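Structures are listed in the sections that come next.
Next, two complexes with subunit A in common: one pairs it with subunit B, the other with subunit C.
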Partner chain A sequence: MSNYIATVGVEVHVELKTNTKIFSNSINGYGEMANSLTNVVDLGYPGTLPTLNEEVINLALKAATILNCKIRREMHFDRKNYFYPDNPKNYQITQARTPIGYDGYVEIEINGEKKKIYIEEMHIEEDTCKSAHRGTKTLLDFNRAGVPLIEIVTKPCMESGEEAKLYLEKLREILFYGNISDCKIEEGSMRADANVSIRKSKSDPFGIKVEIKNIGSISNVALSIEKERLRQEKMIEAKETFKPQTRRFDDKLGDTVLMRVKETGNDYRYFPEPDIPFVIITDEMIENAKKTIPMLPDERRKLYLEKGVSKINTTKLIQNRVLSDYFNNLLNEFTNFQIASNLLLGDISGYLNKTEKTINDTTLTKERFIELINCIEDNTLTSKNLKEILESILTSKKSIKEIIKENNIENITDDSAIKEIINKIIMNNPESVNDYKNGHDRAIKFLMGQVMKETKGQIDPKLAMEILQNELQ
Partner chain B sequence: MKYLNLKIEEINKLLKEKKITPTILVEEAFENIENNKELNAYITLNKEEALKQAKELENKEVDNILFGLPIALKDNIITKGLRTTCASHILDNFIPIYNATVVEKLKSKNMIIIGKTNMDEFAMGSSSRTSYFGAPRNPWNKEKISGGSSGGSATTIAARDVLFALGSDTGGSIRQPASYTGIVGMKPTYGRVSRYGLVAFASSLDQIGPMTRNVYENAILLNAIVGKDDKDLTSAKKEEEDFTRFIGKDIKVLKLAVPNFFMSDIVNIEIRNKVKDIIKVLENNGAKVDYIDIKYIDKAMTLYQIIAMGEASSNLARFDGIRYGHSKENPENIEDVYYGTRAEGFGEEVKRRIMVGSYLLSGENAKTYYNKALSIRDDMRKELTNIFKDYDLIIGPTTTTTAYNLDDPMDDPKKSFMDDVLVIPVNMAGLPGLNIPIGFDSKHMPIGMQIIANAFEEAKIYHLASFIEKELNLKLDPKGGEHNE
Partner chain C sequence: MKDKLSKEEVLHVAELARISLTEEEIEKYQIELKELLNDVEKINDVKGYDDDILIACWSENTRLRKDEAKEMLNPKDVINVAPRHSGNYIEVPVVISDGEGA
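Coming up: the complex of A and B.
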């Protein structure tokens, strides 16, 4: 156990899922040809002026609501002045003094206990362009310049990499479910920086702060924080001093590497952006934003468990928003939700993955799905039968019963008929029956195989097993 | 026959009757410009394109009063395909790929852009002598300045090269040169004309406006360039109006205020006397005139320096040699691209203002200076707006002196700002203000009067200005020889 307490704060940049950029009408897109999604505004041409995309305000209001933030009712933008080739105007339009949201929190569960991670503020800003270094040259792609971002800054309220990881996972989940961002870390639409310091006791002042940038995954955030905590501990124990600094996480090294020492506080010469008038956030704007917030994961989890879905299925459903949304549609119906979730996560997911479709691309309406669930529940259809006709179910509009009929699937659900078949098999296989009675469990599997063969699988295996065991007594 | 010396209504009639063509007007304009070459009013001429455009117009219907007329644009207004330098070395190879909104509006009226006029580098200065291309000369006396920063536009109008020019006014840059050269120059209300495509100097103050020979033509040109623009969030949505509508009406109804500060001894006595003469004329014609004190207007200069230089330091950061304009050759690294390009590209005054502006926004200074200046500016705006509860217009001199010599020393930056001490309060409050020539000093240099109205009341300004113009009936052609003194 360490003698030190780590203090961790996290800054997250999230790209907003808008149609166009924040200050121009260029398309907000990823993976297009370099510099194809740009115009004179994005390029910072002389004489150009920013416009303001209302979609951005709406999404930021949604995010602020989801993050339990207070909302600034009169806000403006500021210019952050610094020279860098990826910064086309050599100032970034951001919100320094009037962030749209402040004093919020996100709840995580750590070691079975709930903990609130406090949000200091969240503000709107524009993304920079992307630079690629080729030998002595640097290439600039302005497609990303002007993509809307929100930056979410926590208070220094976390104590471990694990907490930061849980916070980021939660943040990603709710922002994704809120339709605010696609939160793809690998595409840079969600980026996290961590601030780490250590001290001996909570009554001590905060230690020297080190910022870690360029962390490529959530698990690496946790790793880099732990590595940084150890590095600082070693230095302090060895009575070495260090300055506030910026480090980056090196994937290959699996450790942090010094980028630059912060000599003095950066002077960004912030001042209110004169090209964009103050924005007044009305009650109506907030209400409209709230209205478009879909059901969030925590509520979904609660509901699914209440409806009898297993914990594992609940977790899996929430990992796939499209399926979860589809599943939500069923919640007001009376059906077996565990079977429904098994079907969605099992055979149906298999088919969807294979055919690269989503559930919404299939013909499985709510009514047909419920019919399907009922057929499974009353053994009209076994899982083996289902595999045979799954494609028809998902591509035709016929009722499930019709499809079953067309495929000559008729399950033997009549107990006496099953008994008759089973008794015939018992008669024909006395050795196996003997083996079973002498305690050889394998024998019953053989007999069961014979039953399935005889019935061509058109029988509910559970039911057959029950009857077989009874008849063998 | 010099068609461009005719009144606009007469030219329009001749065009409609097909007695003349736009080509004749364009050719005449270039002939005038050529004859006045030594005035150095232009940085770039648009000869080939203008003639081509004039030719194309010959088969078109003459559908508005500005049809086929040549116009000169200050060289900080972005013109697609036509070099736009801001009179700076850093943009001396810059050919824009889009048009300013005002340019699109002029094109929709089928006006013909004749060229880009000389100015102070990035509009920073008040004599146009910070131009990389040398200063323009005053048509009334070639040894004198034309003022600035819209010195080239003022020069070409005063010299009667063309009827129309656009300037920009951040701290008097339309009205002051208009006063020095004896023309009519209007700085409209902030937000009246789109700034999209005006290379920004101080974003919260910049405004494009018309510079013309007379009041009517000024109002006509303003009619053509105003309007809410979706590309400029600071542009204002207003009902369409005709700015000429009060022209020629009597002035008995007008209540006028003269700020005592405007008539204090900071202003040359000849100018004060001339303004007093005009006030008498106005009173004799039934206008009511009061001398009043206005709080804060003597502080406007200080506020202006803080706000304009702060904003400029940020606005000019984009000129870095990476995407357009001048770039240092064979730079060693990225710092060298920045330092080298900007050291080579910017002139002394621009560098000075960027440095002062950066300092003013640096660290705690932003709170001490810039934010405080913004808040006092609000107080000043309120104070001025209050005046208009009791008065229709504020009047006074436009400048403290008439145009001075081109070779007067430039090493006193405060002096340059003092040239604009009477025009700057208008920008600080976002109000409209206009210069109207009211006579000449003992050296036969023009004297101007400033008329200021409440926000969006430009029509009232033209009302009074047209009366003064008619009443004085000055001969304002420098080559006309005789002065109405």
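Coming up: the complex of A and C.
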């Protein structure tokens, strides 16, 4: 157990899912040929002027709403000045004084308890161009220059890497479901930096802050915070002094390493961006943003559990947005939702993965899916037989009953018909019946096997066993 | 009030601007930059500046642009105007070796 308490704050950059860039009408895209998605504004040509994309404001308002932030009604942009090749204007347009959202929170669950992670502020800014270092050269690709970002800054209110990880997972989930960003960490559309300091007790002032940049995955955020906490503890115990610094997480080392110390605070010489006048946020803009927010994961979770879906299936459904949206279409119907979720996550997902399709590429309409659920529920269709006709179900438009009939796999559900078959088997196997009556339990398994053979498996084994036991009395 | 900047202050500003200075230049800028600063500081005498910032010379709100893509530059034209390029990338000297700007 450590003698120190860690204090952790997290800054996240998220790329917004717009068609065009924040200040120019070139395409906001990823994975295209280098420098093919640019225009004179993105390249910082002299004399060009920024024009603010309305969808950026709309998505930022949605994000602010989802993050329970207060919204600033009159805001402007600022210039953050620094000389670096990723930014040919020599300044980045950002919001230093009037962030669009502030004083929000995200709720996480840690060790079974709910905790609010407080958001200090979220602001809008432009992304820089992408630079790659190759030996003595730096290569620049301006496709990313001017991609709209929101930066979300928490208060220093977390105490461990685990908490930061849970916060980031929650943030990614809600921003993804909110259609604000695709939040792909591996493509850089969500990037996290962490600030870590340690102190002996909560009444002490905060310790010396170390910023960790360039963390490539959520699990590495947790790991790098724990490594940094240990490093600071060792230094303090050894009575070594250290300065506020920026470090980066090295994947291969599995540890943080010192980066070159860069400009901070006043060195950026922030001043209001004179090329973009005040932006006034109207009630109408806020309402429009709010009413197009899709159902978020927490609400989905609550509804699914209420409808009788198991906890594990609920979690799995929410991990797959397309399936979850499909499932949501069913919610107003009267059906067995646990069976529905089992089907979607089991055999149907198996088929979709194998064929690289999504549920929306299949012919499984809501009506046909409900029919399928009913057939499973009333044992017209066994799960074994389902596998045989699954492809037909997902590719044809015929009713499920028709497909069952065509494939001659209709389950025998009529009690008297089952009784007749069972009595025939009892008659033909007097030895096993005697064995069973003398207490040899294994004999009934043999008799059941005969029933399944006779019916070619087209019978509900549970129902058959019940009738068999009754008939043997 | 001191009448010139310290050598460290001048070197710090030079570092931010990514330029190197000779000893003579440093000495010159210690005085010249201080004179500039003295002039700029006069802005502090303006009352009410903090509460009512002026960012543009008219009072209209920003007009927002529709999120619709228009024609972009040909990538060949983009890289051909750069002093150096490597494939479709613009090439520049390494400034720092790890991490990125902002």
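A few comments on the model shown:
The criterion applied here is as follows: the second predicted complex is superposed on the first by the 419 of 473 C-alpha atoms of A that agree within 3 Å, B and C clash if a C-alpha of one lies under 4 Å from a C-alpha of the other, contacts with A are read in each partner's own complex, and residues count from 1 in each chain.
What we mean here is this: a residue touches a chain if its C-beta (ideal position, glycine included) is under 8 Å from a C-beta of that chain, and two chains touch if they have at least 3 such contacts.
Keep in mind the model is a prediction, meaning the values are calculated, not measured.
Touch criterion met: A:Asn214 reaches subunit C, while subunit B stays clear of it. Touch criterion not met for A:Thr315: it reaches neither subunit B nor subunit C. Residue contacts after overlaying the shared chain place A:Met259 against subunit C, while subunit B stays out of touching range.
By the touch criterion stated above, A:Gly44 is placed in contact with subunit B alone, subunit C being left untouched.
Once chain A of one complex is fitted onto chain A of the other, the partner contacts of A:Thr18 are limited to subunit C, with no touch recorded for subunit B. Contacts of A:Asn470 after superposition on the shared chain: neither subunit B nor subunit C is touched. In the superposition on chain A, A:Ser131 contacts subunit C only, with no contact to subunit B. Judged by the touch definition given at the top, the superposed model places A:Leu52 against both subunit B and subunit C.
Set against each other, subunit B and subunit C touch different numbers of residues in subunit A, with C touching more.
In the superposed model, A:Phe278 lies in contact with subunit C only, and not with subunit B.
Counting contacts as defined above, subunit A residues 40, 43, 51-52, 83, 85, 138, 140, 267, 272, 274-277 meet subunit B in one complex and subunit C in the other.
Every residue of subunit A that touches subunit C in the complex is listed here, in rising order: 18-20, 25-27, 33-40, 43, 51-57, 76, 80, 82-87, 92, 94, 128, 131-142, 213-214, 246, 248, 259-260, 262-263, 267, 272-280. On subunit C, the positions that touch subunit A within their shared complex are 16-18, 53, 55-56, 58, 60-73, 75, 78-79, 86-102. Within the complex, the subunit B residues that touch subunit A are 76-78, 84, 86, 91, 94, 96-98, 100, 195-200, 202-204, 230-234, 310-311, 313-314, 317-320, 322-324, 334, 338, 358, 361-363, 366, 370-371, 374.
Remark: subunit A residues 40, 43-52, 79, 81, 83, 85, 88-91, 138, 140, 267, 269-272, 274-277 touch subunit B in the complex.
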